[in-house]
Each structure stands twice: as structure tokens, then as C-alpha cells.
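Okay, got some structures for you below.
Two complexes are shown next, each including chain A; its partner changes from chain B in the first to chain C in the second.
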Partner chain A sequence: MLELRSLTAGYDRRDPVVRDVSLTVAPGESVGLLGPSGCGKSTLARVAALLHRPDRGQVVVDGEPVHGWRHRAPRDRRTAFGVVFQQPRLSADPRLSLAQIVAEPLRATGRAADVPERVPELARTVGLGADLLGRRPHEVSDGQLQRACLARALVLRPRWLICDEMTAMLDASTTAALVAVVEEYRAASGAGLLAVGHDRVLLERWCERTVEWRELTGATGATGGSAAHPAAE
Partner chain B sequence: MTGPVPPAGAPAPALSVRGLSVRFRMHGGTHVAAVTDARFDLAAGECLALVGESGCGKSVLASALLGLLPENAETAGAALLGDGTDLLTADERTLARTVRGRRVGLVPQSPAAHLTPVRTVRSQLEETLRELAGVRRPDLRKAAAAAAERASFPLGHLDRYPHELSGGLAQRAATALALIGDAPLLLADEPTTGLDRELVDRTVDELRRHVGDDRALLLITHDLAAAERIADRVAVMYASRVVEIAAADDFFGDAGPRHPYARGLLNALPEREFTPIPGMPPELSALPGGCAFAARCDRADAACGTVPALTGGVPLSTGAGGASTGAVPVSAGAGVACHHPVTAALEAPRA
Partner chain C sequence: MADTEATTGPGTAADPVTRWRPVAGRSLAGARKASRSTRAWRVGSSAAIVTAVVLAVLIVPPLVALDEQAVHLADKLLPPSAAHPFGTDDVGRDLLVRCVYGLRVSLLVGVVAAVVATVIGTAVGALAASAGGWVDRVVMRLVDVFSSVPHLLLGIFIVAMFRPGVWPVVISVALTHWLSTARIVRAEVLSLRSRPYVDAAISGGASRWRVTVRHLLPGVLPQAGLAAVLMVPHAIWHESALSFLGLGLPTHQASLGTLVQGARSSLLAGDWWPTLFPGLFIIVPTLAIAGLAGAWRDRINPRRRSELML
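Coming up: the complex of A and B.
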């Protein structure tokens, strides 16, 4: 269970982007979160992926509340999450080849021995050929780079996937292909998914359940009390 | 499908692309063929959507039309404006002084990056008005406000810097700048990337409105929904070639696309079958000899070893680069470059 409880988060404590938002993703469940540009849904996705510390509220993963974020999160906690961002160019190190990008999480967690087996296997899964694996980001298209980023997100076999506008830059065919890869992985692993986006048609087709950003704020304060006072600190 | 031919005998098209090819010289003498033998016409009052996946060459085509290709690019063919200016052979001075902004307006991809980050929207509008429209000091402020209003940019935000604008507002600021020169041809290169659906709809509707009856819009996009919303015709690009041009009503309607790639692209939409086209597009540096889509196509056979010409519903001008002047009005109206185009409205088993 991935529980986001009354989260308030942002980049300025006086003016949080996310105010008192609650959302629960059950194990193996896929939830699509719909919201307009700039509503704060990406910030929420970052909090859910343990990449951004909320100002208030709690994230509970499989029954255990999260205390550390980013590098302060314990490794087994961090590696339980696979994250795919909207812009592959901004989320891939331009100095690495695609193969190195996919292998990086393995190396970072001391499992470099798995690289020869896992990287080609994942490359096949996401549809990257051997010639592409040797290239660096500037030598491939957005769609090809995003395939590598998805492979990177899956390489540690995460229990939770957070996809933040994963397909916003991609054409229809690549979108359908990447969504199919995510769903295959989930069917095989039982991982849960939080997919954030603004494309209603896509998320409704992709996810078992979709929720609207505006439904989440305030209304479902899980920790009791008056949820409608974001200013009270 | 003999219907989708643009009004013949109309005035000279706003843009007439004839056998346009762009290839890049790379290290070690290799070449990347980014655009191969593109040909289409764009009439005043018309919106042509150029769709295709990322890396198919559509943005290079846009750069070629603005004379913004890098040094290592080699071009062939012609891209004629309504007044006969060839955008491919015009020198930099002509392009800079009379074409960019004045005869070809660009609505850029990622407007936030296109706008100067260190100056306010007002200052950028005023500069453009001064340079392109010759507006001078006392009138400048009013003209900037008018230019902003034209693109529905809220006047209260004129004194903001680009980073203080939302994606939608930055888009409008960029559109306002693109419209100042009153260019008869507007190029919009992925103008809606990263915007949410409502903003996409609003942005493309606004573009369409600006086109009106006397301008032409070339909308380059991977967003099929945006194309469907405003385009009169759709051109599909695959692996550097335009593989199909069709009336938007046919393309998105019951008739459907005729090229198997275009059909696959449409079927990949979540509101349709949501199934990807198998495989990946070929590398532009190593295009196969025949049809570039054959390897992914279930209709491919021996005939696909040769490159299919863009034909169908229009007279075929075989291999003539820019020489097909006689057939200009219709030669690029509609067509498909496939040896085995889909003919039935509903996918019928191949005979």
C-alpha cells in the first residue's frame, strides 16, 4: 500500500504547491492522477517517489511511515520506486551511453554483476536495439531516450512505479508501446502504479482508476481535524 | 477517394515545396537523410498538419523552410513562397531582412526557451514591432498592447519575464511575437508540447483563428488530436519521407489513412486500439533501399524493395525534381506512398 496522507509540499513554505492532498494506491493497483498544467501534480509525484520532502503530512509505504527523503531514504526504500519523468533529456546524464543509463541503478546499488544479464534483457523489453544502446542521449530521439529511461526505472524491479507525464513528449505509437511495457511489467511483478498526467483519454485507458486533482485536495483529510486550513502551521 | 483535392485554379499557393531534401554530412563521410523528396502545397487559408514520430525529420523540414539549417546540411529541391522566393536558395541577408518574421512567422516549440529570459514580454514585443513593423516611440506602447491582445495575452502580464509565465501564457507571448510581421505563412513547430489538453485546444484554435482566409499554417506536431482539431489536410512523415497526404476529414474520418504506417499511428491512440506499431523506425543514417516502413509492415512483399512514389488521386510526376511545374496546383493535393495502400474503410483482409 502506498499512502499519501494529507500532504502539503512545495518549494516555498509560505506558498506550498500541494495543499493537504491524500491519495492511496493499493498493491498492484494502477491509479491515474489527472490535473491541469501547474496544479502541483508533479510535485506530488516527486513526494510519492521519495524525491521531495513534504512540508507536512505523511507518506506510508507498505505500512511503514517514511522519514527520510532522497539520499536520506534507506536504500531498500528508495529502490522500491521506479520513476519515469516527462522529459527524458533532462533526466538522462548526457555523458552516458543508453546502456550505461539503464545499468546505472544496478551499479549504484552494488549489483554491477547483474548488468550483463539485466541490461540486454530490459533493452529487448523496451525495444532498444544493440546499436542504440551504445549511443549517448544526443544521438537518439526523445522516444528512444524515454525507452531507456523506462528501462532504467524497471531495472531494480521496483514495487512501485511513478510515471510523471511519461508520454507527453511522445508520438502515439511510442506512447502505446511504453504503456504496454509498463503494463507487462506490472502483470509480471504485481507492482503498483501512479501515473500522473493531463491526458484524460490516455489515463482512463491505461489505469484501473483515475482521480482528479481537485477531488484530492482537502476533502479526504485522513488524519482528522479540519483539513481546510492550509495556512495553519 | 477522389474528393480531397484542394481548389484547383486558386491563386499561387502560399508555400510550394518541390522535391525538398535535406541531408547532413557527418564525420567519416556518412550522411543522415533527414528529409527526402518532400513535396506539398499549402494554400492561403489552409492549415496543413505535418505529423510523425520524433526523429522522422519534420523539425528539420521546418528549419529548412526558415533557412536555419546548420553548416553541414545539404539541400536539394525548392520551397517557393507565394511571391516566388525560394527559401532554400535565398541568401542569409534576404532571409534575415525579408523572410523570417515578415513572410514566414515561426511559432516555436518550447516558447519559454524561445523568449529572451532577461527581458519582459513588453520589451520583446516592442523590439519586434520596431524591427518588423517600423513602429516608433510614442506609438510603441499602444502597438505592443494591441499585439498582445491579438494573441489573447493578458495585458496585466506584459511586464513579466518569461520565467514568470505559465506554459500557456508563454505560448501566447511567442504567438504574439510570431504574428507581428503579418507573415502570409505561419510555421508552428510542436507549439503544444507539454501543454495540457485544454491549453492545447485553446492554442491550436487561436492559431487557426489567426490563419483566417489569407494566411497559411504549417502545423508540425506529433499530437494527432491537435491536428484533427484544426487541420484541413494532414501530411504524414515517416523516416524522412512524406508517406501520405490526405484531407483531414478522410484521414480522421470513416475513410481513414491509406498508408499502413499512418493507419498504425492512428490506431495507437488511446481512444482507438492503443496498440503500438511493432518495431522501431529505421535510422536516418541507414535507411533501407526500398520502402522504409516495410520491415514493420504486415502488408509488405517483394514490391516493397523499391521506394514507392507518392501517388493516388493525383497525377504522378515521376522523379521530376522541381520540373513538374505544369502540375503544381494538384500534384501535392493528396496521395499515398505505398505499394499496398489500405483501400477499405474498415481494415479488410488483404486480397
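Coming up: the complex of A and C.
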């Protein structure tokens, strides 16, 4: 169970982006989070993936409250989350080849021995040809790079997947392919999914449950966050 | 905002606001062509001078085996001639040979000190940025404190603790010149650290050390390398200044600073060559190195073209 309990988070304590938001994702469940741009969805996704420390509130993973974020989170806690970001260009180190990008989490966690087996296997899963694996990010398209980023998120077999606008930069066929990969992985592993986006049609088809951003703010938070950003849909 | 755009739209070309261009952005075809050829000329001449200097310094002393200390009192203070192209000094030593030997020492000091300073600066800057919090604040305030003391003063203090020689000078230059590199590297690491690929690495289980070594430091290497090259001229000047003040190398050992210092007395007597040639040897190679560094900077950061950077 991944529980986000009345989280307040942001980049300036006096003006938080996320105010008093609660959300629960059960293991194996897929939850789509819909919201207009700029409402704080991505910040919430970063908090859920233990990448950003909230100002208030609690994240509870499998009954254990989280106390450390980023490097302060224990390694197996962090690697329980696979994260795919919106912009593949920014989320891939420009100096590494796609094969190195996919293999990096294995190397970082001392499982370099698995690289020769896992990387080609995942490359096949996400639809990356062997010739692309040797290229560096500037030599491939956004879609190809996002496939590598998804492979990187899956390489440690996470129990939770956080997809932050994963398909916003992609065309329809790549979107369909990547969503299919995620669903295939979830079916095989029973991982929970939090998919963040503003594309209602996509998220409603993809996820078992979709929630609107404005439904999440608790009773005490009123509608402060949502009212400031009138719905873009 | 919309109102002003409506009144001074593209139709009113005579309006001074729309005709105005920033000076740096004036892109008349001729001016651009001229500046490009100037740049090419600058890079070419700088490269030629640096090559010549490096060859002279590496090849001449071992190959020619001239004794730069050989004293010929009968030949003292001869003006430039075919036998002594740069003339001789007040004890009859050949100035061309001494200049080449002096350049060798100065360049050695400059390069070694620049490398050491860059390594210190990169380490401190990367440490401050990746540790963050109070470590960052304390380290950077210390950098501010050291920067507030004039380099030369601090350098003199350091050489004064040792016997005159090459290594005290190297230490003095290195310990006073790493501050700017630390600032550059810290700023660069801070900007790289907020990229999503660092988030992805953390989520992939990378330790602080791994993030720094694998993702952050390779990203700052071009900047740090540029800072190192730009520091070589500074280090040469610093060495010359220390030696000129009699605090750097022992006076008999030829370095560009000791040569200029030893020639001061003859300058007053009207003999110009013992100061002119070592002086040129200080200025021309350092300008050439700075010119090459500027060209490199333009390559890695084309938006910030500017004049010679010193």
C-alpha cells in the first residue's frame, strides 16, 4: 500500500504547490491522476517517489512511514520506485549511451553481473533495437529515449511505478507501445502504478481508477490549490 | 504591455525603440565577417605562438646544451647582434638562452600550479555543492574570506615560510588560485544537480558519491579544464611577480621574473634589451594561452562570445 497522507509540499515553505493532498494506491492497482498543468501533479509524483521532501504530511509505504527522502532514504526503499519523467531529454545523462543509461541502476546497486542479461532483455521489451543501444541521447528521437527511460525504471523490478506525464512528448503509437509495456510489467509483477497526466482519454483507458486533482485536497485544505488554477480541460 | 505593442507595432519603423539594437547584437554582414576573420587570426597566431613556446622550452635546452649560467665578463651588456640576438646581461650571459630557460621554469610553475589549483578547486566546489546545507555555507564563506585577501599578499606569506625554490612558488600560486575554480565548479554542480537525470539516478539507487562521480563531475570537466588553462597565464604572472620581488626563485636561477628584476639597474643606464625581451616573454606567451582559452570558451559556450579573457 502506498499512502500519501495530507501532504503539503513545494519549493517555498510560505507558498507550497501541493496543499494537504491525500491519495492511496493499493499494490497491483493503477491510479491515474488528472490535473491541469501547473497544479502540482509533478511535485506530488516526486514526493511519492521519495525524491522531494514534503513540508508536512506523511508518506507510508507498506505500513511503514517514510522518514528520509532522496539520498537519506534507504537504498532498497528508493529502488522500490520506478520513475519515468515527462522529458526524456532532461532525464537521461547526455554523456551515457542508451545501454549505459538502462544499466546504470544495476551498476549503482552492485548488480553489474546482471547487466549482460537484463539490458538486452529489457531493450527487447520496450522495443529498442540493438543498434540504438550504443547511441547517445542526442542521436535518438524523444520516443526512443523515453523507451530507454522506461527500461531504466523497470530494470530493478520496482514494486511501484510513478509515470509523470510519461507520454506527453510522444506520438500516439509510441504512447500505446509504452503503456502496453507498463501494463505487461504490472500484470507480471503485480506492481502498483501512479500515472500522472492531463490527458483524460488516455488515463481513463489506461488506469483502473482516475482521480481529479481537485478531489484530492482534504477538507481542511479547502480548494485553495485548485481555485488558484482554474481547470484547463 | 499589450497597449504599448499596439502603438509601436512593426508599422512604425521610424520609432527609436524598434530601430534600436543592442550593441552586441548588431549583426551587419560585414562586421560579422570581420569579427570572424579576426577570431580566426587570433586563434591561429595564438596556436602558433604557444606551439613555438612549447617546442622552444622542450627541445632547445636538452638539444643545444647551452649553459645559461656561463659568465663572460668581457661580453657584458652587448646590444642585440647576430651572435647574441637578444644581447647579453650585466655579467655577459646570453639573454636569448636565459629567456628560454626562464620561460621553461615559468611555464613549469604555471602549468603545475594551474593543475594543482584546478584539482583543489574542483574538489572543494564539488564537495560544497553535493554536500549542501551547512557544509556548503561554511566552505563557501571560507572561500570568500580567502578571496578577500589579495592573492599576491597571501602568496608572499606562503613563500616566506620556505626557502626560495620552484616548489614553494608552485605551492604559493596553487593555494591562492583555486578559489575562483571552486566557485565555478560549485555553481555548475548546483545547476546540474537539479536535472531530472540526477533524480532518476537517485531513484535507481545511486549513492551520493556515485551521483557526483558518474553524473556531476563529468559535466563540469569542460568548465574546470577551461579554468585550468585560463589559470596558466595568471600563475606565470604570479611567479614573475614573486621572483621580481626577490621572494620567488633564487636570483641566479633564470625565470622571467628574476630576469626582469636583474635587468632593472641596466635599464636606468639606458640599456633596454635586458628588460624588453624577458618582458615580451612574459606578455606574448600568456596572451597567446589566454587567446586559445578564449577560443575554447567560445566553442563550449557559444552564447557568450567576448574579447580576450584574462
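Following the convention adopted for this analysis, the second predicted complex is superposed on the first by the 218 of 233 C-alpha atoms of A that agree within 3 Å, B and C clash if a C-alpha of one lies under 4 Å from a C-alpha of the other, contacts with A are read in each partner's own complex, and residues count from 1 in each chain.
Heads up, the rule we're going with is that a contact is a pair of C-beta atoms (placed from the backbone, for glycine too) under 8 Å apart; a residue touches a chain by one contact, two chains touch by 3 or more.
All figures in this text were calculated on a predicted structure; none of them were measured in a lab.
> Once the structures are superposed on A, label A:90 by its partner contacts, choosing first (chain B), second (chain C), both or neither.
Once the two structures are laid over each other on A, A:90 reaches chain C alone.
> Just chain B (first), just chain C (second), both, or neither: which does A:199 touch?
A:199: touches chain B, not chain C.
> Once chain A of both complexes is superposed, is A:1 in touch with chain B (first), chain C (second), both, or neither?
A:1: touches no partner chain.
> Looking at A:36, would you say it contacts chain B, chain C, both, or neither? Reply first, second, both or neither.
After superposition on chain A, A:36 lies in contact with chain B alone.
> With the two structures laid over each other on chain A, which partner does A:26 touch: chain B (first), chain C (second), both, or neither?
neither
> I'd like to know which partner A:187 touches here: chain B for first, chain C for second, both or neither.
Neither chain B nor chain C is touched by A:187.
> For A:130 in the superposed arrangement: first (chain B), second (chain C), both or neither?
Neither partner.
> Can you tell me which positions in chain A touch chain B when the two form their complex?
36-38, 86, 127, 129, 131, 140-144, 165, 168-177, 179-180, 198-202, 204-206
> Any idea which chain A residues touch chain C in the complex?
46, 49-51, 70-71, 75, 78-79, 81-83, 85, 87, 90-93, 95, 104-105, 108-109, 149, 152-153, 155-156
> Taking the touch rule as given, give the residues of chain B at its contact with chain A in the complex, in rising order.
Checking each residue of chain B against chain A gives 52-55, 166-168, 193-199, 222, 224, 264-266, 268-271, 274-277, 279-280, 283.
> Where on chain C does chain A make contact in their complex?
So the residues of chain C touching chain A come out as 195-197, 199-208, 210-211, 214-215, 218-219.
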